[in-house]
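Chain nomenclature is as follows: A, B, C and D, assigned in order of appearance, with residue numbering initiated at 1 for each chain independently.
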Amino acid sequence: MIIVMKKNATNEQIERVVSWIKSVGYMAHPSSGVERTIIGAVGDNRGKEHLKVIESLTGVEKIIPILKPYKLASREAKEGNTVIRVGDVEIGGTGFVVMAGPCSIESREQMMESAFIAKKGGADIIRGGAYKPRTSPYSFQGMEEEGLKLLKEAGEKTGMPVITEVLNTSEVDIVEEYADILQIGARNVQNFALLKKVGKAKKPVLLKRGMMTTIEELLMSAEYIISSGNDDVILCERGIRTFETATRNTLDISAVPVLKALTHLPVIIDPSHAAGHWRYIQPLTRGALAVGADGVMIEVHPEPEKAVSDGGQSLKPEKFYRLMDEVRKLEQFMRHEMKVSQ
Amino acid sequence: MIIVMKKNATNEQIERVVSWIKSVGYMAHPSSGVERTIIGAVGDNRGKEHLKVIESLTGVEKIIPILKPYKLASREAKEGNTVIRVGDVEIGGTGFVVMAGPCSIESREQMMESAFIAKKGGADIIRGGAYKPRTSPYSFQGMEEEGLKLLKEAGEKTGMPVITEVLNTSEVDIVEEYADILQIGARNVQNFALLKKVGKAKKPVLLKRGMMTTIEELLMSAEYIISSGNDDVILCERGIRTFETATRNTLDISAVPVLKALTHLPVIIDPSHAAGHWRYIQPLTRGALAVGADGVMIEVHPEPEKAVSDGGQSLKPEKFYRLMDEVRKLEQFMRHEMKVSQ
Amino acid sequence: MIIVMKKNATNEQIERVVSWIKSVGYMAHPSSGVERTIIGAVGDNRGKEHLKVIESLTGVEKIIPILKPYKLASREAKEGNTVIRVGDVEIGGTGFVVMAGPCSIESREQMMESAFIAKKGGADIIRGGAYKPRTSPYSFQGMEEEGLKLLKEAGEKTGMPVITEVLNTSEVDIVEEYADILQIGARNVQNFALLKKVGKAKKPVLLKRGMMTTIEELLMSAEYIISSGNDDVILCERGIRTFETATRNTLDISAVPVLKALTHLPVIIDPSHAAGHWRYIQPLTRGALAVGADGVMIEVHPEPEKAVSDGGQSLKPEKFYRLMDEVRKLEQFMRHEMKVSQ
Amino acid sequence: MIIVMKKNATNEQIERVVSWIKSVGYMAHPSSGVERTIIGAVGDNRGKEHLKVIESLTGVEKIIPILKPYKLASREAKEGNTVIRVGDVEIGGTGFVVMAGPCSIESREQMMESAFIAKKGGADIIRGGAYKPRTSPYSFQGMEEEGLKLLKEAGEKTGMPVITEVLNTSEVDIVEEYADILQIGARNVQNFALLKKVGKAKKPVLLKRGMMTTIEELLMSAEYIISSGNDDVILCERGIRTFETATRNTLDISAVPVLKALTHLPVIIDPSHAAGHWRYIQPLTRGALAVGADGVMIEVHPEPEKAVSDGGQSLKPEKFYRLMDEVRKLEQFMRHEMKVSQ
């Protein structure tokens, strides 16, 4: 951490900061420039909380942290990429993983139909929501355990792993019983109690970035899960909130290469929630593949116009099949001709 | 809801939309302009979910909602302002309510000292965090139940009501046992399970706006609480996330008059978290009062430089006393000379 | 335009709005719903300014515009895509156009070297800045006319068209004399005097989106140029400003398919300015191609560590050659195997 | 400037950075921590451009600037506040300055009427737009020189100074001829050619913050004006662009105390453009006064419903008079009872 003193800071003030740094177990390296003195505080993290309050000492202009606040999620903590195996599927390996299915599980028929569409299109994992986080208390809140059962059945019938969202600590156990991957939604990315709880689960966790979560905060949330005991975390960029309203959120596609540089965890993209309109799923999925993401999560619905949630951003079966053809061709090309493994 | 058709939409497409609207129990009012046809859909909310998916019908350009999605929180739902009584304190009435205390409860001594500072300064309610939502899993996570006990004791010793944050559904009961007001933090503003749970509590709820939450979404979250049975909701603006980094967040002070126009609920401001620096608390508290807020929530600490969280944004006792003198004078002036009741 | 009346609006207030609409030459279509009355105002744009002020009439809650405010830039105004020819290069046609060169023109040697690097790599157009918009008055402001001469010479020696930025109305004529395409930078996207002036130029204009410009505003700025007489406008997404600081700006890659849906104009991407770091140029260029952009603008410098501006985001020659190999292969694949023409 | 090396940076890489720093005339202070080495670069600003490119040297993780990039605008550059005198009005002194008038000058009658309303209400300065920056090329673009003449006449008849916006370098001379203060609008805050030009004018400049401009960038733009020779710069916060759409922009009221800490220049607020609705002008003006701004700029129009631009955010005369009564009372109270001079 670096402490920048004010231009007119007195020697006494500088001394006080140096003493403080030492008193919390750090070494202090002051260096005086033409205009002001800066002081490096070097040490481990024991006194970090106390170091921050140096900002309130007289004569201090600001403090600048140097070290990244996450450790286990950091690329420096681990050689190579984390590859997560779920059934026959590898996430973070050489393939491009497609998770597909409806936003909400609405009925047995709709779930089974969606699952067979996902399978026919060549998806790897089936998604479907049983507990739904809805902005309005008057909107459909999900089929809950009954939905989980339908999802599990759909997975068994198609021979594919399934993923679903868990909203609350009290539901983690039951969701873990039915699902192969636990999803933490964007609105819960800093629900720390929930992060700790899924950190104790035995199943992988897909962690969605919040609409206003920085990349550093996303990695801190992953750190909560890993430091609670669960190494299998998949990160998911799903659009951030900006001033632009032409799309529902703004897909931060640069987050893929940035995360790849900072962490060993797999990174996927959710173009359905980012754009909020089925029209943009095809180009954004191509973009996700080209930019180096490990996969995508896509909403597919047998009859989007009858969906009880997010129908406007779900693909119809025919469009999904065409998209998947394209995705698999492009994946092959990139792997063989461009030596790019996702 | 208004459906805007594409410029080149065919009569057949328009007919299909009209049929759809009728099939979900609404009336359809098409009207053809020079360039395109728009169709009004009039009715109650039963078919609302299905109406939304009209966006995926061919020929539709976009849909525009007309009605506000919240009802109970709306000013139209209730004449007059909601005034919440906690002990001798009225929130949302004619007075300007000051909630003061440390960010985290750290020890018996620190809590009692802070409480007496709050009392001496003339605050109305004592705040203090027992369960702390921290971005880093390595930061101090709060004293939990022991902290709740200290907070309650501080309230009893000073004769003041107390407020503290609840993070998780499983802790609502215990927090309700000790606290007079339950606080929902910015990161949990869309933790819907938690909102429903505090909606069943018998104590008032202070709901903080999230860094990424629109005013409409904040009111929808209040609607979750009210529709679960708890009418006593206090809204709190605490800064939104923007591109500006000179302050920790950007205090959206206009949210006060905007909320006053839209809802009957009390609205307070948290200048400490918005600005992230004690230096700005005084001017922003004056601004909060002048703009018409019902109160503020301020961090005070006997020794900010030793605080285990957010020390840099806590006021020292002397500064707090001076601020309170100013606040009370300005409050009197505005009430008597400008006929402004907060 | 739709006028939404307040819930408790009186018949008299509704009548007054209807009269107002008629008085400015529109037709009024009131329709009364369960909760409130809405009034459609149908007509051409003559009275538009006056319609907006309906918002200040008593009883009006809000007004909602229906028509897009741009016309000539709209896809509805023109069948097919605008293809702009500059020398042998087509922008907006079937190829993926690469514009490459240094941020600033610094010397004859550096400009010529950069141009030959661009040519060797297979770029289509040479870029280079002679007038530089710099945040600090103390930074290098560009070689001005001398730079323009060097750029022109570089274009002639390599047989490639050249593009450069114009900052001020008084420099449009001289820049037009030397350059093949005039660039309007992000900070000038709403410099309306400049837009009108380049709208009278005989050369194509590349219009960069501002850091906080909505897609609609960008199209309105294009409308300024087209309505002044210049049809040849190329749009460029270069990152918008958000809360995320891991990249300099946030590349809004969805802007490509969104713009392709709304306008007939070509759309390119500038990954160098968006990301602010050379490391991310390769993946983002691949993403730009896959998502359907018509080209990219990339900073290349013979010795980035000696560049006087934006050195950190410039590619070294070897990295540029490798990127270009990849780009041309991917372009071929997409055109032939996926039937995607950029 | 501080250079943070990567965790695994070699001694050779560290040496290379140190040599580079020295080669551009700075001193290098390396200091090795537990995890990584950081290097302080101390010196004056001669080599600053070259220092930045250190970011592209191998082994470097990031660079962190320490010094503020502006000098003349900085509080450290000048003791006391800059007080600007225009006629009998002092801006930045002990009074709260109100600039009032219509958004656009539309006719002789409307301008004169507005000026007398401003005078009757007790405003200090008359505002009015002759050159209008409009998002749409089809909107009214202003009366230009004829408008300037009407504004000047209005100032003479009422004995008040006048302020108007200048959009383009070619119009600075004529605007300076008629106006007492030159206004640079939000969209031109980084129109550097225009900043340099008004920096050579003999009249004070009111510089509006852009919707996307950080506080540091605003001060850099002020630095352009001051370093060109004009010390009389007034800063104006008028709302920044965020995700919130309940107001047109988000008034960043904290910018007032932040700017007061960083610069000696006067700071005013424009609540009309920030909120975009007349309803919020009164509370925000009170807030501006309480938070310590030096004044406000308010839109007033004799008949807002007939205004050709921004009618919805203009105050009617009666509302303006009531607001001014309140402002003057509150100003007196704050000065005498709270010892706060604006």
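Everything below uses one rule, namely that a contact is a pair of C-beta atoms (placed from the backbone, for glycine too) under 8 Å apart; a residue touches a chain by one contact, two chains touch by 3 or more.
The shown structure was predicted, so the numbers you read here are calculated from the model rather than taken from an experiment.
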Legend entry - Common touching chains of subunit D and subunit A: B, C
Inset, instruction - Look at all chain centres (mean of CA atoms) and spot the one farthest from the centre of subunit C. - result: B
Inset, instruction - Would you kindly tell me how far, in whole Å, the mean C-alpha position of subunit C lies from that of subunit B? - result: 38
Inset, instruction - Take the average of all CA coordinates in subunit A, do the same for subunit B, and state the distance between these two points in whole angstrom. - result: 26
Inset, instruction - Would you mind pulling out the distance in Å between where the CA atoms of subunit B average out and where those of subunit D do? - result: 30
Legend entry - Residues within subunit A bordering two or more other chains: 212, 241-243, 245
Legend entry - Footprint of subunit B on subunit A - complex, ascending: 20, 45, 48-50, 52-57, 69-70, 133-141, 167-170, 187-188, 190-194, 196, 210-212, 217, 220, 223-224, 227-228, 241, 277-278, 304-309, 311-312, 314
Inset, instruction - Would you mind writing out the residues of subunit B in touch with subunit D in their complex? - result: 212, 214-216, 240, 242-247, 250-258, 261, 274-275, 279-280, 283-284, 286-292, 326, 329-330, 333-334, 337-338
Legend entry - subunit D residues touching subunit A - in the complex, by the definition given at the top: 2, 4, 7-8, 29, 31, 33-36, 38, 40, 42-44, 64, 66-67, 76, 241-243, 245
